[in-house]
Amino acid sequence: MEQFLQQLTNGLAVGSIYALIALGYTMVYGVLKLINFAHSELVTLGAYLGLTLLTSLALADRLGPLLGVLLLAVMVMGLIAVVGAMLDRVAYRPLRQSPRLSAVVSALGASIFLQNTIMLIYGARYLNYPHDILPKMTIHMVGIDVPLVRILILCVSILMMGGLFFFIQKTKVGTAIRAAAIDQGAAKLVGIDVNLVVLLVFLVGPALGGAAGLMLGLYYGQINFAMGWSYGLKAFTAAILGGIGNIPGAMLGGLLLGVVEAMGATYISFAWKDAIAFLVLILILIVRPTGLLGERVAEKV
Amino acid sequence: MIQYKTIALIITTGILAVLPQFLNPYWVDVLNNIGIYAILGLSLNIIVGHTGLFNLGHASFFAVGAYTAAILNTQYEIPVLWLIPVCGLSAGLFALIVARPIIHLRGDYLCIVTIGVNEIVRIALINNVFGLTGGSNGIFGIDRPNVFGMTLRTPMEFYYLILAFGAVTIFLFRQLEYSRFGRALNYLREDETAAQGSGINTAHYKLAAFVVGAVWAGMVGNIYAAKMTIISPESFTFWESVIIFVIVILGGSGSIPGVILGAVLVVGLPELFRDLANARMLVFGAAMVGMMIFRTQGLLPQRPRKYTLPQGRRNGEGGE
Amino acid sequence: MKLLSVSRLTKSFGGLTAVNSVSFDVQPDTVVGLIGPNGAGKTTVFNLITGIYRADQGEILFKDQSIVNFPTHRIISQGIARTFQTIRLFQNLSALENVLAGCHSQMKSGVLGSLFHTPRQRREEKMALEEAMEALAFVGLDSNALQMARNLSYGKQRLLEIARALATKPSLIILDEPAGGMNEHETWQLVALIGKMKERGITVLLIEHDMSLVMRVCENIVVLEYGSKIAEGPPQEIKTDPRVIQAYLGVEEDD
């Protein structure tokens, strides 16, 4: 039981990171029908920028751990948002009218470019996050000792997702984003500035991805220039699992995938952990071809 | 015009036939890699280029073929080239079983499933599934292939094997393009509903495209195993699938010359940039973005098929 | 004897019942019109007949055999062909290849024949080419055979869709607003074409907004409104039916 609860909280924490990354995929997909394969590199970049700022500014020493990390997160998110918008400008915007698979190749190219840029700047070796930023304490709850980082990650992610959900559902800009995702042509007709929506999506998605990268650094303590590749793949899986283009779907998909993976690694086989995640995805898609929350619309003929 | 084409073909064949005589073994090996990726690209082209199915897991079919060759050769000592049809069949069967339940998935859902299958295959290989695949070290000691009593060892000897297989592939795939089957794939890509409305069993053709592409990738897997004599899971990763995919789209979806040019660039360019050392992949990534922006349809896009119209029809001279 | 018999056909999308228990018959060798205001459910009826949508309820008999919810390609190979209201050609392929798509169901060669170009495959290919050219000539597009579909005028694209449908060798062809986007001359040609199809023994079921065309070519007319059938009969009767006049008065400006 104790092990189960440990794995559950671990799975939820990792899953909430997946969910944050998945949101970036799903938002861009919703508006542009593009799989932004370079999103994973924005996550990596978030982790590296986090480390750089952390060590160079010594925020944690000056402001105390919690406030320091919070400020750090804000800075990382802002920087990655700018990189995200630039990525769209350079690699995707010229391809808006092109065949969809051409844009996918551009995304793959951008991903390779960013990954190797990071490698050239920071080197190919693993780098360590200083392990004394967040206090190494555990909190006793539901009968087990849960590490503080885990709880922090879960809470912060849920706060961010809640904020995003509110933004998308309740604000005027959020409604514009949803409208553009349903039908760009119609959205233009009613006066929505689709270019602005795209810009927004490329600011918000990468910002969340950057935050996720920082969390990965804090949670695992080690980062590598290639780390985004596998987390990105997992997050993309999560986005599809929930129904690509669907924002609550990405959140649900991420959390579910994190838990499935943690449980699979513990109770089935650690070596098959990644395969289990994909197997679950495939089984779910066989039953629900458009993901858990994706709508099944009959194409109008 | 026909003469002009024949002459071009003869010259190209001539150049390809003597090319390795002027190159050192290193560059001949680069050519061999280009050849292998070109044939893999052509096989994926059936699925992605002609049918428009988003497959980012093609390396899994390649893997099934390569491991079939490696296992049957090392365990039962069957000469490796004899196994080419078996490798094609096993990869085709694998594609049939895997694609059957998921073939109705739309575009990007299909894409992630193919990635997933690729990952599952790779992990299965690493975990030494059925005790046959040798885990992460893979399988070594695959026999050198033997053609008409001659054992192939040097890159140059393999060059001619790959060239021959490539030529057969090009010939057959061109025939396929000019057929009921090839056209059906294109109808599906252009408009699935209209294809159904014209009487085409689209689910059948999607599956058939996967199987044909997989059969070919499986056969290339055999040649790859024979050339390397040692294979391991890291040769069949998602990254490998990405490379094959990029070859197709960058070169020209649906176009045989395009895909070959794609293979030359994607495999050959990083070799030319070797002086850049660590920066070469960075340049490569940027080049991918740039090429897609400047040649959105790929470098050599698919050209319309030519038909000689029946006698007595106007405008029947066709094409060029 | 009936060629096509639709009974109590029903289809809804979410809360909207697009087709509500519609029944009608099509006699062989006739031209039947399906009319009604925009959104009445006409196209949906066609999509149900050709298996593009799944029916919620009801029965469709073709040559006395049930075809309801069969896969589209099987319905086509049984002898029903169709065109689409929003033209759905293979825009990047030539007119000839568009028509060859229609020939597909008449052909047999599979992967192996296609890879190796066996003698049988070649013979079949030659035949198909001739039949495709014949279908193009039938609609008057043989001189456009090698042009890309997307480069044809709107009216010619409509004709090309008809040629593609004819190439499946149908006994029933269903046309969804074939005159949509055609000029007067082209419409007049279309009327002649429908006559020629009838001569060939092809039964025609069509949706059309151009009332003069419908009245001219149809022997029997079925009228839908809000998904339900409100009238059925020969043109003279339909013209004077008070319910039909009522239904059309409200939406006259739309058409």
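Here the chain labels run A, B and C in written order, and each chain numbers its own residues starting at 1.
Following the convention adopted for this analysis, a residue touches a chain if its C-beta (ideal position, glycine included) is under 8 Å from a C-beta of that chain, and two chains touch if they have at least 3 such contacts.
No experiment lies behind these values; they were computed from the predicted model shown.
Student: Drawing the touching chains as a network, do you get a line, a ring, a star, a complete graph or other?
Tutor: complete
Student: Counting C-beta pairs in contact, which comes out ahead: A-C or B-C?
Tutor: Higher contact count goes to B-C.
Student: So what's the Cα centroid distance for chain A and chain B, whole Å?
Tutor: Taking the average C-alpha coordinate of chain A and of chain B, the gap between them is 33 Å.
Student: CA centre of chain B versus CA centre of chain C: separation in Å?
Tutor: Taking the mean C-alpha position of each chain, the two centres sit 40 Å apart.
Student: With chain centres taken as the means of their Cα atoms, state the distance from chain A to chain C in Å.
Tutor: 48
Student: Hey, what residues on chain C touch two or more of the other chains?
Tutor: 52, 84, 88
Student: Counting only residues that touch at least two other chains, what does the list for chain A look like?
Tutor: 301
Student: For chain B, which residues are shared contacts with two or more other chains?
Tutor: Residues 193 of chain B each touch two or more of the other chains.
Student: Using the touch definition from the top, list the residues of chain B that touch chain A in their complex.
Tutor: Its residues touching chain A are 48, 54, 101-102, 104-109, 111-113, 115-117, 119-120, 123-124, 126-127, 193, 238, 242, 245-246, 249-250, 253, 278-279, 281-282, 284-289, 292-293, 296-298.
Student: In the complex, go through chain C and note every residue touching chain A.
Tutor: My answer: residues 13, 43, 47, 52-53, 84, 88.
Student: Please output the residues of chain C touching chain B within their complex, sorted ascending.
Tutor: 50, 52, 71-73, 76-77, 81-82, 84, 88-94, 96-97, 100-102, 104-105, 107, 109-111, 113-117, 121, 124-126, 128-130, 133, 142-146, 148, 164-165, 168
Student: Where on chain A does chain C make contact in their complex?
Tutor: Checking each residue of chain A against chain C gives 298, 301.
Student: Which residues of chain B touch chain C in the complex?
Tutor: Residues 172, 175-176, 178-184, 186-187, 190-191, 193-203, 208, 212, 304-305, 307, 309-310, 313-316, 318-319 of chain B touch chain C in their complex.
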